[in-house]
Amino acid sequence: MRPSGRKTDQMRAVSFERGFSKHAEGSCLVKFGDTHVLCTASLEERVPPWLRNAGRGWVTAEYGMLPRATGDRMRREASAGKQGGRTQEIQRLIGRSLRAVVDLEALGERQITVDCDVLQADGGTRTAAITGAWVALRDCLGWMEARQMVKADKVLKDHVAAISCGIFAGQSVIDLDYLEDSAAETDANFVMTGAGGIVEIQGTAEGEPFSQEQFLTLLSLAGTGIGELVEMQKKVLSDTSAA
Amino acid sequence: MRPSGRKTDQMRAVSFERGFSKHAEGSCLVKFGDTHVLCTASLEERVPPWLRNAGRGWVTAEYGMLPRATGDRMRREASAGKQGGRTQEIQRLIGRSLRAVVDLEALGERQITVDCDVLQADGGTRTAAITGAWVALRDCLGWMEARQMVKADKVLKDHVAAISCGIFAGQSVIDLDYLEDSAAETDANFVMTGAGGIVEIQGTAEGEPFSQEQFLTLLSLAGTGIGELVEMQKKVLSDTSAA
Amino acid sequence: MRPSGRKTDQMRAVSFERGFSKHAEGSCLVKFGDTHVLCTASLEERVPPWLRNAGRGWVTAEYGMLPRATGDRMRREASAGKQGGRTQEIQRLIGRSLRAVVDLEALGERQITVDCDVLQADGGTRTAAITGAWVALRDCLGWMEARQMVKADKVLKDHVAAISCGIFAGQSVIDLDYLEDSAAETDANFVMTGAGGIVEIQGTAEGEPFSQEQFLTLLSLAGTGIGELVEMQKKVLSDTSAA
Amino acid sequence: MRPSGRKTDQMRAVSFERGFSKHAEGSCLVKFGDTHVLCTASLEERVPPWLRNAGRGWVTAEYGMLPRATGDRMRREASAGKQGGRTQEIQRLIGRSLRAVVDLEALGERQITVDCDVLQADGGTRTAAITGAWVALRDCLGWMEARQMVKADKVLKDHVAAISCGIFAGQSVIDLDYLEDSAAETDANFVMTGAGGIVEIQGTAEGEPFSQEQFLTLLSLAGTGIGELVEMQKKVLSDTSAA
Amino acid sequence: MRPSGRKTDQMRAVSFERGFSKHAEGSCLVKFGDTHVLCTASLEERVPPWLRNAGRGWVTAEYGMLPRATGDRMRREASAGKQGGRTQEIQRLIGRSLRAVVDLEALGERQITVDCDVLQADGGTRTAAITGAWVALRDCLGWMEARQMVKADKVLKDHVAAISCGIFAGQSVIDLDYLEDSAAETDANFVMTGAGGIVEIQGTAEGEPFSQEQFLTLLSLAGTGIGELVEMQKKVLSDTSAA
Amino acid sequence: MRPSGRKTDQMRAVSFERGFSKHAEGSCLVKFGDTHVLCTASLEERVPPWLRNAGRGWVTAEYGMLPRATGDRMRREASAGKQGGRTQEIQRLIGRSLRAVVDLEALGERQITVDCDVLQADGGTRTAAITGAWVALRDCLGWMEARQMVKADKVLKDHVAAISCGIFAGQSVIDLDYLEDSAAETDANFVMTGAGGIVEIQGTAEGEPFSQEQFLTLLSLAGTGIGELVEMQKKVLSDTSAA
């Protein structure tokens, strides 16, 4: 029995609020239950130094949590003077996940930075961030298309979405919330495309090592869940008045 | 004529959304027009080292802006490795403003940290932050009162709210938005209590120096505006179901 | 009764020692009683990156205290690895105050940095710094005029000076020393020009909020005091052998 | 055809040099071909603050590369003033991998830090580091057992080793060297125990997304390779004169 | 011929101004020609963590230069976020030199920090700093003796002073100023006690290596010069009204 | 009697392992007994900003210790966020020592960075580092000569090597190991050329000040020892197959 009463293959309520931010070229407040992440995509007409004159652009991500997004207040990273290892790990993952479906040549010599800031955390912030970041990125490209800068669908080759699965109380479950996450025996994050290709897999045994069979069950749960997330992304984007 | 079409003594639409954050003991999303600041009050059963065994508590504030809260994306302070001078100046102001109406002995040996994070900026973030931070702090004290820890009204002696005034296109106006702020000749921030006492005054000539008469006009505008803000704080707090 | 025995409207003995530093284009050791600040103005033939090719220059300030300028030794900021919030607040104030009377176009594409280093502190370091920094800046411009680089009086449009006033033991007093400053109910800093225009006002209630009437009394005290400081600046500059 | 001429399931020559460091309680220079990592295990009779009086110990890891371990010299992280995101990601992975096979209660209130410093890099530094770190940790526990502090086999419940696999030029291969790594379409790291349980899986599509079938092939290759590595660990530990 | 017209064995005019700082337990503004260093000795009733309960105290030094102490303005170290290598090297040298003549047991469990801040630089700042720091330290111990805390002469066993010598334009000269220092072939700093014992020797060939004979000439020059400096220290301390 | 049983003028066993690193243009693992330092020389076709278009190159050094190179584990400097004072002092010394025998014009507009990383420490790491760094630098220049970039012997004008001497238990001894170093009364480091010229002298009284006679004894010991080190450098370089 899951603490939330959900079935093992049941994700939390997921929603996307496009155009949350007035200034950003694309933005989306994504919610996976009580996990709320604000994703903004910012376009800049410059590339990192190591990409100059290379004929292609760059997509990168930064991740942060508000100090009281969590149950106990955490120290503000700006005040601590550096981003922690967890933060850096997550923002590198988000960036890689987005780039897996972007044609950087088609983007041209520009950079899009997707900021994912957790307003409230209840487990699964990185997977919510990836799923919402894709929507913000898509709206940024739509903004650019409206200005004849790119063809959005040429730059963004496919959807990308992510979900966590894990073994909790002996059962394979999808979309762990904080209570489950902190007690899970195994915790895995999956990033996949709309076509079902795998972009990233990260699985960790928190307690006992897990078997190949267990891992395949998690992978199967994730495949179904990500399919549903991609459908939701499609649906929210079909509302042409929203961004 | 103001860019927004407002009258010289007309503030933007102001709203408070209490209980925005699930985890914080008190929280409030305050909006002054397109300026949106999330304020969370976090209670900790400890005091700073220099206050140990002094028989009183501490109230402090931290301030931050999401990188794309602004028209152009700003560098994330956590990534830059330090908080800028402007950030430090503002968070010190918020902390002093709140402490002006707090009885630290009545609080007991505890610390309340109010985080003010700007989700979207359109001028006046520091004054919105102070005004919203007071609501979050009040709800935190209410949470404590419900647990017999303190009497909220003994700890919090009065309201505190803040507004900016300035001279724009030769006219004294209240509650400058970004367009006005960046073109104003003089810019001043006022922090006052519910009883009308002055807690902080900060006035800066951006262009020509200003006269005593001009300053008194701004002070008068501010007094009226802050009176309205205090009424709004009272009204939103009277909704006992909200926090 | 003030601890120093001064009258309420009596400033401490003020002196300026021009040419204190052999290397700087302009320098001045300013003393407000036991508060001693060394101000040096350094000319550089370059501007900050964001001003390149903008056809105008920049004037900025930095502030520091020697570790044992104060009653108890403070940690050296260079060793702590960052400038504290107070330091940043003060150096931003000094820079703004100077720029209020500088014609940056007339300066040309150059930067003048005024370093204000507190050798000994006894209250009022920021106001002494502003008052002395103006003298160092004026001498730097005189140095430039002697080399046909600028007309000093075209670049520097007016005097600027500053003083603190506050409510101490129920009375409005000018130029608070450390004993008064640490016990004052209200503390305000005023920056004004030679023509009497206001450049900056910063007033803070340390204890009880203050009233508009109280504030006007402080403003009036400050106006008289700053007038005297400007006369002293004029007098010290009339000694053409000094710099 | 692999650049090194190896078969698809052929690892590089692997060796362990125990007791490389005179001072450390356990140490091992591990080589996977031209990738050389010095692992030292340091025992300290203290635990991190958050573990005090919790009745158990801690095992952690740090990772670093000498500046010229790589083809081009990289900036020294100590000089840059912080550890990069990649470094933090890797050292967190090594620590988790070791803790997966350690009984922290049996260790007692002590901390063992395993430093993994790359003397020379040619791909696969993190997997070599994990594999060698286990040997250094085992020898540290042997050192403790010789002093009647613990039973080494009670603290260390199983072997742990790691290998990378990837899709290079369309083929699934094991133990990628730098040339393969930088051209691979998919790159995955696997950490497993002596009993064959999975501790960590990290798979990344560098180019096209990969399929579940492809991933299973990599997992199978890894299982065989890690089995061999565990046998080598056993063999090198059977030389009782070495540490 | 030396740029200053001095003879090869002629030091610059040296002066000590005791009691320069109102707050410090001991202070001295030392001048070697145009090199001016403010030395303050601060007493604290605590020791560094690694000395706790060891029954003895500590004497340490910090060194800094005001940004415009030099011909060109240097970046402020507090703003750069760290002390440079040269700064650290010098402050370590000053601390070691002072400790060479201090009986740390006789000091008791206290720390004295001597801050040496260069107000104006013209070569030889480290040797001037050591020579002046000794005077500040002596006055601090006198302050303590007046309060029956220690016997100053039991804590401070001997004088210590320092001078630079070098080979300039083929000649061995003492007390190099900036012009000489930047052109010297060899530059050496000597720290000696009142009894003539050597505490520190640092010699560097800036151009051609130097011979043992050349080095002995420098050492001999230094011995005579330091003897004179010690006499000056004695003379300035004999003025019992000064500190 | 020395703890190691060595005679007073007997150095530890010294060895050089050239070509230790596959990637560096020159490299050498130097051992002075149990002190082991890996030196790598890295060539870059760029110079520091302040040398641009000056028609000459630069040679610099960086120094580091692995955390467990020492008896107790030290904190990793990359994790601490800065290089300590000792590290900076040593790397500046190594750089100066190498440059004393390099013709920077003959090098051309290039930079060679020699990294000296201590794998194991037992006293004398800086002198071992200098002695080994020279070998790595020579091999780097040989690599360049093989590519017709420079004439190695025109760039490198002489050998340079270093040794420590000190007064231990009342006797002057050469090449102190850790046990001697931590108990020595006086500790001095000498850097000399193949021709016997002195490049650097650093002598420190750890306890009692030392006399000129004592210092000359140390200098004489050092001269003999460095002569032997230079012979060893010549011998190891004569093996043309090694680098």
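A, B, C, D, E and F are the chain letters, set down in written order, and residue numbers restart from 1 in every chain.
Everything that follows uses one rule, which is that a contact is a pair of C-beta atoms (placed from the backbone, for glycine too) under 8 Å apart; a residue touches a chain by one contact, two chains touch by 3 or more.
Molecules present, by chain and UniProt name: A, B, C, D, E, F = Ribonuclease PH.
What you see is a predicted model, and the numbers here were worked out from it, not measured in a lab.
Touching subunit C and subunit F at once are the following chains: E. The set of chains in contact with subunit D as well as subunit F is empty.
When the contact pairs of D-F are set against those of B-C, C-E or E-F, over half line up by residue number only for C-E. Centres computed as Cα averages put subunit B at a distance of 51 Å from subunit E. A separation of 29 Å divides the Cα centre of subunit A from that of subunit D. Within subunit D, residues 81-82 each touch two or more of the remaining chains. Ring order, beginning with subunit C and continuing to subunit E: C, E, F, D, A, B.
Listed in rising order, the residues of subunit E touching subunit F in the complex are 82, 84-86, 88-89, 91-92, 96, 100, 188, 192-193, 195, 197-205, 208-212, 215, 219, 223.
Those residues of subunit C that touch subunit E in the complex are listed here as 21-24, 27, 34, 38, 40, 42, 44, 62, 64, 66-71, 73, 76-83, 87, 113, 115, 117, 119-122.
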